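There are two complexes below, and they share chain A, which is joined by chain B in the first and by chain C in the second.
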Partner chain A sequence: MRTLRKYGPLYVMMVPVVVYFLVYAYYPLVRGLQTSFQDYRLMGDRPYVGWSNYSAVLHDTSFQEALVNTFIIGGSILLIGFAAPLVVALSLNEVLQAWYKKLAQMVLYIPHLLSWVVIGGMWIFLLSPDNGLVNLLLVKAGLDQPVNFLADPGWARWIMILLAVWKDMGYNCILFLAGIMSINPSLYEAARMDGASRWQQVRFVTLPQLSSTMKVIFLLNTLGILRIFDEVFILRNPTTAPKVDVLMMYTFQKGMVDIQIGTAAAASFFVVLLTLALTLVVRWVTRFDEV
Partner chain B sequence: MSERYDRLGWANKCFDALNALFLLALMLTMIIPFLNVIALAFSSGVASMQPDIILFPKSFSLEGFRTVWENLDLWRPFLNSAIVTVAGTALHVLLSCLAGYVLIHPELPGKRIMVTFILITMMVPQEAVMIPLYIVNKDLHLINTLSVLVLSGLVSGFSILLMRNFFLGVPYEMAESAKIDGAGEFRIFLTMYMRLATAGLATVTLFEFVGRWNAFTAAVMFINDSMKYTLQLALKSMIVDTGAVSSNYLITTNVRMAGIIISILPLLAVYPFVQKYFMKGILLGASKE
Partner chain C sequence: MTMKKTWAALSALTLAGTLVLSACGGSGQNAAGGNASAGGNGSTGSGASSSGSGASASDKPAADMKLRILTANVGGKTPEENKQFEAEIKKLTGIDATLERPASDYDQKVLTALGSGEKYDLIEGSDLGKLAEFVDQGVVTDLTDFVKSSKVLSDPSVIPTSEWDQLKDKDGRIVAVFSKFQGGTMPIVRKDWLDKLHLQEPKTLDDYYNVLKAFKEQDPDGDGKADTYGLSTSGLYDIQGFMSAAGLKYRYVMKDGKRTIPYATEAAVPMYQWFAKLTKEGIMDPNFITNDTGKMRNLFLTDRVGIITYWDAWVGMFNSLKKQEDPNTSFQAEGITSAEGPGGTILMRRGDPDYWFIPANAEHPDAAKKFLEFWNTQPGIMLGSIGIEDVDYTKSGDTYTLTDTGKQHNMDHGVPFWYNQNVKPPFPGLPGVQEAQDLAKKYATLELALPGWSDAEKIVQNYALKAMAGQMDAEEAVKKMRDELFAKKLIDE
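What follows is the complex of A and B.
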């Protein structure tokens, strides 16, 4: 009773959050699990159908394609989106003029601030074969045929990957820079005493000291692989769909367009399971807990 | 910093120049597209449709802005977005602060359960449960309302832990002595913690503001009535879906680009603050227990 009087107000403060999570995080999970075993109709009864939704998903070739696309596109974004900002952060760190460094950071961060609709809309226009800036420049540079980047299945995946890396470049870069800033300056001093060159200081001081930052960034970005949706939703079209539709796109298509809610719920659960599996693998590989 | 290297060496100077050029080239991939968009938005309709490389407005005109705002009624989605963003951000910040404050009390019984309860919600990405979420919202009759957009992501484990980390920076003894003087939890929360953790408040507010203004997935899922469209949905249908013709007007390039500019203005307004607070926020948020 005394505890209740002492801590009562605190529990009251927690109530809205608990209610919200119960309704919007836990209940949907349960409800989704239930739905994935149902023949879910919008009207009428919803008979249980066992595992048939799951097996329908697994045998669906477009699901298999979506799985492959997710790992190719997501995996490439993960790797290139890790390496490129690291290189840029190291490069920024070598800039001595403070104003130039600040300016570059500011400019590089802008695309991350904008939505995929804006970024996608902009690039659809920039990459258009008729009067897009990129093709105008390419033709001027001597290319005889403008390339229809977004309608060409060969290009579409690369566009998705590169745009995602480009968009989040500044964001990841600032994370790396924060890591670099926290390296003890006396390490560089000691390295210089030993006659280390500029490159050797990067190689033997900065990079090893940055390893824990790298692990954190890699872990944070890994979970993004399965969440890719907005970009694909905006930049896809029927020609490129088999090469770029990712898992979330498949779920959306099944649930909201084909109205096969049971199947879509089953597909959602594959995504949830994959998320958990991926988290565990990354934790194990990077030994996150030691950080 | 300036003593870090021997600045006089020929090779070093050469490297510095190349390095600066590399960054310049990278910056240009961001600057040129935006200049192109701005130039087209301020050009006349005819000029904006011609295949030409333009980085400055050609036959300057504001007709793109007028058309998109008045004839295509962009003001309505703009208003919807503003309502959802402001209401959603305010509630999100309030709830995150309340929960964050609760979690700083070291001896609170059941604290571990609460933390686990919150951490689990962070393991499952919102996107992965969007079909079940659709069903839940449909049962609650929230499809095609603005409330559903306020409710989606009303609070997040990330923000709660972020606020908690900021609150931990406020000396706990202060709260304890205030309690001995008879102040209640709500008063301590409002008058001490909310005031002393303004950097945290700013961080969460800015993150949430930008995130909500740009929110797309939830809007696509839960809204299909064009009167309830948010700016992102309206832009999507205007820029991506249409060929060049809407029911009444030919949507020229300058109109689309004007739509883009209008939609990023509020973000540019908060951008300087984002730069300032974002690093602190990320670092505190990423550092766990």
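What follows is the complex of A and C.
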């Protein structure tokens, strides 16, 4: 009671936040779970149908294809999107000219500020076989014919992966750089006194000291890999769809196009469960609790 | 420690779930409201709920009538003009109307509105497949008695009797009312390029090939560069004008009670090979797989392509837009017939009609019915076409004059064309549009989208476009297409 009196105002301050999450997070979650067990119609009766929506999703080959695509695309984005900014951050850290470092950070960060609509439109234009800059350069460099990157299933997944990595490179890079900046300079000084080279300083000081930041970024990125949607929605087309349609695209298709709301809700709960499982695995593998 | 892990797991579940579910929408409230559930009875196997009244809506007083409308096309072009549009409806009908016109993602807005139990009195639609789904979902009101008893809507000179078949559910009940007359798509050619290169209008597939090749190779725009294409398309429905040569109709065709998809038959192989040849020879716009219709239109308007296939109404729009840009332009778009098929038959595509339906949970169905009658009469048609008096046009006696605002709006506030033969257009049509419409009326037929078409379409598009682009052999593409369609039980033959 004494504690309650002491911290009462703080608890009161928490009320709006708790209410917000109850209304906008937990309530939809519960309603979504309920919907996944219903033969959901837009109006009228909505009888409960047990696990049939889940069964329909599991037996749907489109869902299976989407699951494979999600793991390939999302997994690649996770790995490359983790490694690439780390390498860039370590490289930038070695740059002595401050103006170059700042300029590089800014250039890398700009794509993160733009929406996928803008990014998608920009790259559709750049990759076009009809006067697209990339193809103009490739043809100038000696390629026989322009490559139809966005219509070629062979390129489809790579385009999704590389654009996603490129878009968020600057954001992750800044997080890594912030982590590097917080490393105690005396550690480097001690390493230098012990005769460590630049590479040895990176390997034995920077990377171990950066491990906490790396774990956080990896876990945050893991939470997002099954929710890829915007870029696929914007950049896909009928010829690349079998290679790039991901779980969220499947959910969107079932819910918003086919009006099978119950099936869509069941599919989305698979995403929830898979995300939970992935997160737990990543926490266990990275020993996240020791951060 | 255990508590910590449990809390972490719950947090992750909640976060992921919330984000995932945000794509699903639909809070799941029972949207049927006080009205009878549209399709919930299950005994009829259909979703159209009874209107409960066959009385003509025009017999009822408009005083105190309210109306909430969700629309994609109807209304003002700006939020301000939308308010003026509402005031004009009030002035002309006495109905206190609220018009909601989402800036984008209209279909999703309709779905989330219906799923969340929002109550609209009228909703505009433009997809018959979606209308059928709404019937199954118990969303729409049965309007059969209303239409039959309405002096306006039952008049064949207002809406031809046979047209109503489009808006009937599987039990023969009328479940929507036309919003406008919908034309068809067809090949649209640069007539000025044809004349410049001394070419005749193409009739057969060979004619088309020769014209397209000439447009690619003979510098029809005269800029000294080989930067023009013969043909650009956007999506498979835009190739109907050429698939006509093999007598192939898009989407489903019922044959002896069995579902077939002509684009997935052996007969389509030579057509895909024909397109692949166009692609290989650089005659086809290389972006045809990724094009949206806007990009296709832009290519046509910027002298980059000689033939596209698009809506009849756009023939006039193209000519008008270029004329506004340059009064001395030689640009001339012309709608032409599809390639002749076996026995000289010509297949063209008629678009799904735009329609209004009254949701089963509408709070003011009588006001909605009154509006539907008004919408098909002279004042309603004028409002939907040329717009608001003293904003889009002025009237002196029987003479109409478009204002600058009206000219910008191209006489389209949701009804560029209409059925009612008793209402004559106050202005002549845009150049070329009448001839194009005549072709559509003569040759264009509706496509049949049965349940499952959205799944089938993905398969058809995937392989057809690959074959057209030369990424896959046409025979192999058709074989795989058929195998997949059979495997997913999407065709019977």
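The rule is short, and it goes like this: the second predicted complex is superposed on the first by the 271 of 291 C-alpha atoms of A that agree within 3 Å, B and C clash if a C-alpha of one lies under 4 Å from a C-alpha of the other, contacts with A are read in each partner's own complex, and residues count from 1 in each chain.
Keep in mind that, in the parts below, contacts are C-beta pairs under 8 Å (C-beta built on N, C-alpha and C of every residue); 3 or more make two chains touch, one makes a residue touch a chain.
Being a predicted model, the structure only gives us computed values, none of them experimental.
Asker: Given the superposition on chain A, are chain B and chain C in a clash or a fit?
Answerer: With chain A as the common anchor, chain B and chain C collide in the superposed model.
Asker: Just to be sure I read the superposition right, which of the two partners does A:Arg227 touch: chain B = first, chain C = second, or both, or neither?
Answerer: both
Asker: With both structures superposed, pick whichever of chain B and chain C touches the larger number of chain A residues.
Answerer: B
Asker: Based on the superposed arrangement, let me know which partner A:Ile259 touches: chain B (first), chain C (second), both, or neither?
Answerer: A:Ile259: touches chain C, not chain B.
Asker: Contacts for A:Ser115 in the overlay, against chain B (first) and chain C (second): which applies, first, second, both or neither?
Answerer: So A:Ser115 only meets chain B here.
Asker: Quick one: classify A:Ala241 as touching chain B (first), chain C (second), both or neither.
Answerer: Once the two structures are laid over each other on A, A:Ala241 reaches chain C alone.
Asker: Touch test for A:Asp45: chain B only (first), chain C only (second), both, or neither?
Answerer: So A:Asp45 only meets chain C here.
Asker: Tell me which partner A:Leu29 touches in the superposition: chain B (first), chain C (second), both or neither.
Answerer: So A:Leu29 meets both chain B and chain C here.
Asker: Taking the superposition as given, does A:Thr279 touch the first partner, chain B, the second, chain C, both, or neither?
Answerer: Both partners, chain B and chain C.
Asker: First (chain B), second (chain C), both or neither: which does A:Asn148 touch?
Answerer: In the superposition, A:Asn148 contacts chain C only.
Asker: Report for A:Val95: first if it touches chain B alone, second if chain C alone, otherwise both or neither.
Answerer: A:Val95: touches chain B, not chain C.
Asker: Once the two complexes are overlaid on A, one stretch of chain B runs into chain C. Is it 117-125, 153-161 or 189-197?
Answerer: 117-125
Asker: Identify the overlap between the chain B-contacting and the chain C-contacting residues of chain A.
Answerer: 21, 24-29, 31-32, 35, 40, 124, 130, 223, 226-227, 229, 248, 251-252, 255-256, 261, 264-265, 268, 271-272, 275-276, 279
Asker: For a test of understanding, state which residues of chain A touch chain B in their complex under the given definition.
Answerer: Within the complex, chain A touches chain B at residues 3, 7, 9-11, 13-14, 16-18, 20-21, 23-29, 31-32, 35, 40, 88, 91-92, 94-96, 100, 103-104, 106-111, 113-118, 120-126, 130-131, 133, 136-137, 140, 166, 169, 174-175, 178, 188, 192, 198, 201, 216, 220, 223, 226-227, 229-230, 233-234, 248, 251-252, 255-256, 261, 264-265, 267-268, 271-272, 275-276, 279.
Asker: Would you pull the chain C residues touching chain A in the complex into a rising list?
Answerer: Touching chain A from chain C are residues 4, 8-9, 12-28, 30-32, 37-40, 42, 47, 107-108, 111, 114-115, 130, 133-134, 136-139, 285-287, 289-290, 359-361, 454-455, 458, 461-462, 465-466, 469, 471, 488.
Asker: What does chain A use to touch chain C in their complex?
Answerer: 21, 24-29, 31-32, 34-35, 40-46, 61-62, 124, 128-130, 146, 148, 150-153, 223, 226-227, 229, 237-239, 241-242, 248, 251-253, 255-259, 261, 264-265, 268-269, 271-272, 275-276, 279-280, 283, 289
Asker: With touch defined as at the start, can you tell me which chain B residues reach chain A in the complex?
Answerer: Interface residues on chain B, with respect to chain A: 1-2, 4-5, 7, 12, 15-16, 19-20, 22-23, 26-27, 29-34, 36-37, 49-53, 95, 98-99, 101-102, 105, 108-109, 114, 117-118, 120-121, 123-125, 127-136, 151-152, 154-155, 160, 184-186, 189, 210, 213-217, 220-221, 232, 235-236, 239-240, 253, 256-257, 260, 263-264, 267, 271, 274-275, 278-279, 282-283, 286.
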